[in-house]
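In this document, chain identifiers A, B, C, D and E correspond to the written order of the chains, with residue numbering beginning at 1 in each.
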Amino acid sequence: MIGLLSIVTFLPLVGAVLLLFADRQNEGFIKNGAFIVSLATFFFSLGIYAQFDPAQAGMQLVEQAPWIAWIGAEYHLGVDGISLLLVLLTTFLSAIAILSSYTAVTEYVKEYMVCMLVLETGMLGVFLALDLVLFYVFWEGMLIPMYFLIGIWGGPRRIYATVKFFLYTMAGGVLMLVGIIALYFASGASGTPTFNLLALTRLSLPFATQVWLFLAFAVAFAIKVPMFPFHTWLPDAHVEAPTAGSVILAGVLLKMGTYGFLRFALPLFPDATRYFTPLFAWLAIVGIIYGALVSMVQPDLKKLVAYSSVSHLGFVMLGIFALTSQSVQGAILQMINHGLSTGALFLLVGMLYERRHTRMIEDFGGLARVMPAFTVAFLLVTLSSIGLPGLNGFVGEFLILVGTFRVHALWAVVASSGIILAAVYMLWMFQRVMYGPMTNEQNRNLPDLTTREIAVLVPVLALIVWIGVYPTPFLRTTDASVRQLLQRVQGGAPSAEHENPTGTATGTKVADAELRDGGLRLTLSHSSLSDFAAASERRHGY
Amino acid sequence: MHVPLSAYLFLSAYLFVLGVIGVATRRNALIIFMSVELMLNAVNLSFVAFSRFLDSMDGQIFVFFVMAVATAEAAVGLAIILAIYRNRETVDVAELNLLKW
Amino acid sequence: MSLAHLEPILFAGLALVAAISGLLVVIQRHAIYSALYLILTMGSLAGLYILLEAHFVWAVQVLVYAGAIMVLFLFVIMLLNLPREDVPYARRDFRRILLAGGLASVLLVELVLVLAFRPHAGAAKVLTPGFGTTETVGRLLFTQYLFPFEITSVILLIAIVGALVLAKKHFS
Amino acid sequence: MDISLAQTPWGAVLPLILLGGTGLLVLVLDPVLSPEGRDRLPALSLVGVLATGGAVLSCWPRPQVAFGGMLVTDQFTASCSLIFLLVAALTLLISMGYIRRTGLEHGEYSALLIFATLGMIVMAGSLDLITIFLGLETLSISLYILAGFLREQARSNEAALKYLLLGAFASGFLLYGIAFVYGATGSTNLVRVREVLALGRVHSPLLLTIGMGLLLVGFAFKVAAVPFHMWAPDVYEGAPTTVTAFMIAGTKAAAFAAFLRLLMMGLPALQLEWSRVLWVLAILSMTLGNVVAIAQTQIKRMLAYSSIAHAGYLLVALVTGSKLGSASILFYLVAYTCMNLGAFGVMLALAKGNQERLAIQDYAGLGLRRPVLGAAMALFMFSLAGVPPTAGFMGKLYIFSAAVQTHQIALAVIGVLNSVVSAFYYLRVTVLMYMSPGAPDIPAERTAPALAVALALAALGTLLLGLVPSSFLEAALRSVAPLLG
Amino acid sequence: MAESNLPLLLIPLWPLLGFLAIGFFGRRMSRSAVATIACGSVALSLLTSLWAVASLLGMPEGSRRIEQIIAPWIGVGGFQADWGLLLDPLSSVMILVVSGVGFLIHVYSIGYMHHDRDFPRFFALLNLFTFSMLMLVLANNYLLLYVFWEAVGLCSYLLIGFWFERPSAAEAGKKAFIVNRVGDFGFGLGVMLLWTTLGTLRYGDVFSAAPGKLDAGGALVTVLTLLLFLGATGKSAQIPLFVWLPDAMEGPTPVSALIHAATRVTAGVYMVARSAPLFNLAPFSMEVVAWIGGLTAVFAATIALVQTDIKRVIAYSTISQLGYMFLGCGVGAYAAAIFHLMTHAFFKALLFLGAGSVIHGLDGEQDLTKMGGLRRQMPITAITFLIGALANAGIIPLAGFWSKDEILFGAFASGHVMLWVFGAGGACLTGFYMLRCYILAFEGQSRNPHAHAHESPAVMTVPLIILAVFAFGVGFVGFPPDGSVYHHLVEPVFAGAGEPAAHGLGLMVAMAAVSLIMAVLGIVVARVFYLRRPELAARLVARYPGVYRVLRDKYYVDELYQHVFVGPIYRASVWLWRRFDEPVVDGSVNGIGGLVRAGSTLMRYLQTGYVMNYVLSFLIGVVAIIGYLALAR
């Protein structure tokens, strides 16, 4: 009996294999076939959502079968609140991306579609694998189709970009591999060594071990995220990738890094996580501001969006490392949001590129006049990206910030400035592309969105609004799992996470309140405003 | 009075190193090859000496096999040198560097 | 053994010849002299084998090594009719030769040290009867060493085939 | 004289007789056959190899010690033999078209390949340094000849001469090492050596250690470990392509088999010493091999340097001296055989007449013009780079697992970083194949059936070992059990 | 929470539906259909609001609250925010102003925007704005307030940049949004701090919990309120974030009237008033609010003195009037501030629409120096504009007088004499610049030879007239301060806010007289300068050219910001990109690759092809290994 998760994971791969036998001349069939496969995958993944019980924190729909018996690596899939949304995002964006490339890809259509489908399987595997070896196989294996997508169908500097992407991510990955192996043997110290994530998260490793293993994992994930200063592969890869590649890259691939932190680095090494929290939080904050500033001055649309991803993912990382239920759930939601809005941005930029064969901001201007529908979509996505309330980006960002603020006001304060900057670079870009007089005659007769393009965009835009207005269905799924995760990270002291910051202290004055959260605390003192910034200090719990 | 084992071994080591020097410094392939033979002879001396002092025939048998192998190597080696000489008219290894880097 | 009390003198003599002729092998300008000196070295080693009671090996050394192999060498050298090298060691090789010599000397020192630190002085054991005789060797070769012996035959076969293939003048 | 055929352990030597007999038969048939008949000699050899494989499978799982320890037919020998036979079979398959095209002597070529394989089996199946040495020489002398087989090509000559001179030189050290071991322990039999060591009856521990060091040098030369690697790129480049394929996979496999026998069965007591030496060699090999491979422009030479690096990875496993490490060596050797012979197969499939496609640049545009060949090549490249889900990855996983298990974290880290470096040059092949404008003269003809079969087998092996490695690993683990006593 | 059958949601729902209808199908509709839908939806909203307020009034005093939760929104851990609406007297004043003034401006826009090709887009956005603004004032928690706080900012952005082909308009829209974002930065943090300390964002819970959990005058509440106030300064264009509002005049005039005068910009005042229970706990913050308000009032007024763009004059006037409102809030006279907010909505909308009528009549001319004598061609516009100007100047008995006077009285009564002086001085300036504006536009001779001015159509003038009526009379709902309809309604919201005790009628009259005199003084001076002896103004300018230039160039605040923030940040970004990201961060990555490749090329040449060298390498290995083993043993 093949489980639902396996079906969802391998359906695209099966489709890809079947496509291999298709007649390469019959491009229409290949395109439609690939789209139908991805759509079917999406519907199957909705089945996962339907069967998912949000009240349960643990893994659901688990499938387990022996794989490499001697070392105990298993075929082990499962879904929980942290991965469910990402799985849905993956299947959703894959279908969108395939649909978006009907006209953009003209050469080697068959190979392209095969790559897309294989990539989808790889990504789903990453999000569903519960065995570290299996996870690693998907994690690295997924590089191959992405490598080809950028390298074959990319822009002029595609080779440089794709090789850099491959090597950079692989460099991080192999260190993680050593970490995985070391973890395996470390787990042998108290019983049979195992690659089973669920068993490993019950382990309590010595602190020094945790620190090293955490670093091994964290480097891999940080590169994928990408966190400052490991981000430089991203602009190159984004700029050169074909539209669908960028969509998947930004939409899903980057989430694999943040997901990795949530799924592996945090629960496996809780003490090390707390130890490294300040470092990663500050790196995240630097990333937020740095990404925004650099994004602001980019002349190339894709590059601008790429750097904005650095900034946005900084928020996600901050949310993760703030370690409160609001911030972590916000981070998960923000992963989805970023997938949608940045994915949509790349779609839109891709549409422009198809029309004008340039991505330079200076080549545009005044497009709002000739492409009204495009303008509306672009505006909506831009606004989502800058976190306008009522759209999806706000919910995630706000939850992240409010959760962070609770434990480290200073982090939230500094990070919030990123929101201002986001408005600056996105709106400035919007202004230069869409507004102003039509300066370039070539833009005069640009056609507005086609029906297919609208079909591509509308689902994304609908989700953008939906999550902004009614995020409950999304937040509900993550709640229990995040709670469990935080309990694990906080060293099994559930009281550390008080759901309502004042719930435990009714009646007492909070003017001098210490809001304890694990080893973190925030002090607001009476005396002066300057204390406000200086007073948030952290204290090691060990 | 017996000659100690180490005397044989020192001589063997000396001859071995001589062979090494020959291989490392000469440019004539034939001489290099002869230096290798010198090394093998040195090893054989060690074997025989050990054999004598251990009262074990294994060493001598070994020498027998080494000689057989040396013969085979010599035959093949000289054939190769011949083939090279036919193509390149030289046996100077310093001139044989088509393959490099 | 009647030679017993002469052993050190014989050893010294043979060793000296081997050492000097070995050196000469390496530094000759013309390959043919090298070959001749190599034969001399092998001959003196053969003498040492007698001292070491390895009669069979002595015979093989003279017949096969000094005889057959070296004749083959001489034959090839004659065939190629190589010119005499101007100098055995070209000036441009000087640095490399120095380095090689240095390394080889270090190696020699290492080996000598290792061998010198051999803890038991290595007094010769009383030998089993039949040690080193042809009969003993033959018996061993066809019993305990049968398998390697067969392999050796394969090796020789390979050598024959190889020599044929490589030395053939033209492709068939 | 108590020599009697009745005592001969026929079961133990049957595979060897089959293999040797095939070689002889081919040699004998060669002069009497018509040219068309000669074309079929490789096929006949292949049959012999397969038959030998069958014999190995049916005769050798029962461990027996024949010829007083000169030949041991345990699981390890059987598994190693199968690997060698796989190498030989694949090489024969990819050679068929090649030797016809280049006009090599069919009989001699096939026979020498078979004798070389025989030598490998002897190396793996022996517990005595004499036999190991003879097996090694059987292999080496065959390869000296095969390397120079294109005797009218200066490069082939040169490769043969370099290989021969350096090989004989290295043999000298190996022999000297054997002499020392013999002198220190009074025996060349590994089991005896081990016993003597265990009982503390070594005449001179120092002599034994140095002897071991010299043995390490000899084998390190055969596996082309830095700094004893210098012959490898030149020889691999100059030798006929099929021979290079055979050498890269075969020599390495045989040398590591012997290495395992020697170190695990004979000298486990000296693990501290040999693991330290090999530790350094492993790091040097991995690093130099990978780094220098980057600058190569010839694919054969690039793969030669990569083989140095792969020797480094295998040395990592050897350093651990553990069961997992030993098993991972076997696993890796199978994987390496598949991916490496596969890559050479693609190389041969693209040759046009006598013109081989040697420059990496020649592969430009291949991937999309010849999709199947391109995909196969890409698969082999990714596998060589160790990217999942391929055999190469699983092999590395096991090797580095063994390293971590024995607390060789530094080795593991250096190893994995090296695989990133290696990815750079393997990727370059795929970059050219798929992402560069195509060279116009890629032949569109169909791949010869034999070659196609070889490629299919190699690709299948590369994938299967990557996806369902379990049974292979189990087999490898069973195989190395005899080594650990 | 009082139960009520009235679905409050209906109030904002109408414009939302209007927006959706026009947004999706507007381009396929006729203009009249668009206009009907747009105005109709706001009219329905107005009616619903009236009904809602009526039912609120029907409830017993003191429990006039209708709170309805529509749907859960965000719920994570202890963090809970819902889609919830709250109608209380404060929000009822607001919804009436928004829907009332909004309706009139919608109607007016039909005429004003008639020739614009993006007619549907304009009305869609206007409806969207009305929806957002109504939601803003009806929200029952801070997060929802924040949402629509930003949403009105968005509408503002889109409407300022309505004529997006004009670079200045696009620029102004962006500037408005970004400057507001700076304020929202504070507001957002304030909301976070609020939740962190109180664990809730619902108004009712916040205000009931605040006195218990926050130390009055403590740092926490001070920081909290200042953060909130930072948001207000952005939204309501106060020092230091006022710079966007004058530029916002790039938008169509009805937009200026509705958004940048009557409603949106007052959101900050509304928020501060809404948060009165918090501000009351933070005296220091109150001082800050009052002083910022007072300073802004004077500061903006001085700039308004010399501007020549009719809309900019009114815009600075708006900033100034908003300053009065904050002054009111800051001294605790919340009711007065909201009262002023209401009256200001009417007269400022009137002024803008009047200005719009002028611009419309002059085919887009906005420069006061090119107007003059328009009273003859545009009598209705002239008279209504004058009413608006006088109301703005605070001339009895027009609306502005009552509310401004109340604020000034509050300031004085609470002991802020200095602020009172500011306010009174500001009143004088107000009188001057309003009359100056009126005179330059409508009196004297025409200075524009090309102008063929004409009175606007009825669809524009009727709203003007209605607004003029309100601007004239709406002040009476707040008179007298301690017994009026307005105060009965609103005062309970601020109960306990420390509304200054009555100081007796005498003082009140005295104060009123003083401020009235100041205003009249301003008017007289303006009349002298611009009607009687125009050369005086020029002479004054010649005498103090520096002062004039500083005022004309708005104290160079824009330039200051440009040089202190925008420029350096931009340059820093370019530096980061070109000098850090590319060479250092990426450079080190590529550097490692380059190093490996260089090493590769270098090491490649070790392989010389000479056997002798290979032997050397071999020897080195042997010597090292033997040496190591020998030594290690």
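Here are some notes:
By definition in this document, a contact is a pair of C-beta atoms (placed from the backbone, for glycine too) under 8 Å apart; a residue touches a chain by one contact, two chains touch by 3 or more.
Since the structure is predicted, the reported quantities are computational estimates derived from the model, not experimental observations.
In terms of C-beta pairs in contact, the better-connected of the chain pairs B-C and A-D is B-C. Centrality by Cα centroid goes to chain A. For chain E, the chain with the farthest CA centroid is C. For the pair chain B and chain D, the distance between mean C-alpha positions equals 26 Å. Distance from the chain C centre to the chain E centre is 103 Å, each centre being the mean of its Cα atoms. Chain E has its Cα centroid 35 Å from the Cα centroid of chain A. Put simply, the C-alpha centre of chain B and that of chain E have 97 angstrom between them.
Residue positions of chain E with contacts to 2 or more other chains are 593, 604, 607, 609, 611-613, 615-616, 619-620, 622, 626, 630.
Shown for chain C are the residues that touch two or more other chains, namely 93, 96, 100, 103-104, 107, 110-111, 114-115, 118, 145, 148, 152, 155, 158-159, 162, 165-166.
Under the contact definition stated at the top, the residues of chain B that touch 2 or more other chains are 9, 16, 19-20, 23-25, 27, 32-33, 54, 61, 65, 69, 72-73, 76, 80-81, 83, 93-94, 96-101.
Pairs of chains meeting the touch criterion are A-D, A-E, B-C, B-D, B-E, C-D, C-E, D-E. Those residues of chain E that touch chain D in the complex are listed here as 593, 596-597, 599-601, 603-604, 606-607, 609, 611, 613-615, 617-618, 620-622, 625-626, 628-630, 632-633. Against chain E, in their complex, chain A makes its touches with residues 164, 167-168, 228-229, 231-233, 290, 293-294, 296-298, 324-326, 329-330, 366, 368-369, 372, 379, 383, 388-390, 394-395, 398-399, 401-403, 405-406, 409, 412-413, 416-417, 419-420, 423-424, 427-428, 431, 434-438, 469-472, 475, 479, 483, 497-503, 507-511, 513, 515, 522, 524-529, 531-532. Taken in their complex, chain D has these residues touching chain B: 130, 133-134, 137, 141, 144-145, 148, 151-155, 157-162, 164-165, 168-169, 171-172, 175-176, 178-180, 182-183, 186-188, 233-235, 237-238, 295. Residues 604-605, 607-612, 615-616, 619 of chain E are the ones touching chain B in the complex. Taken in their complex, chain B has these residues touching chain E: 20, 23-25, 27, 32, 93-94, 96-101.
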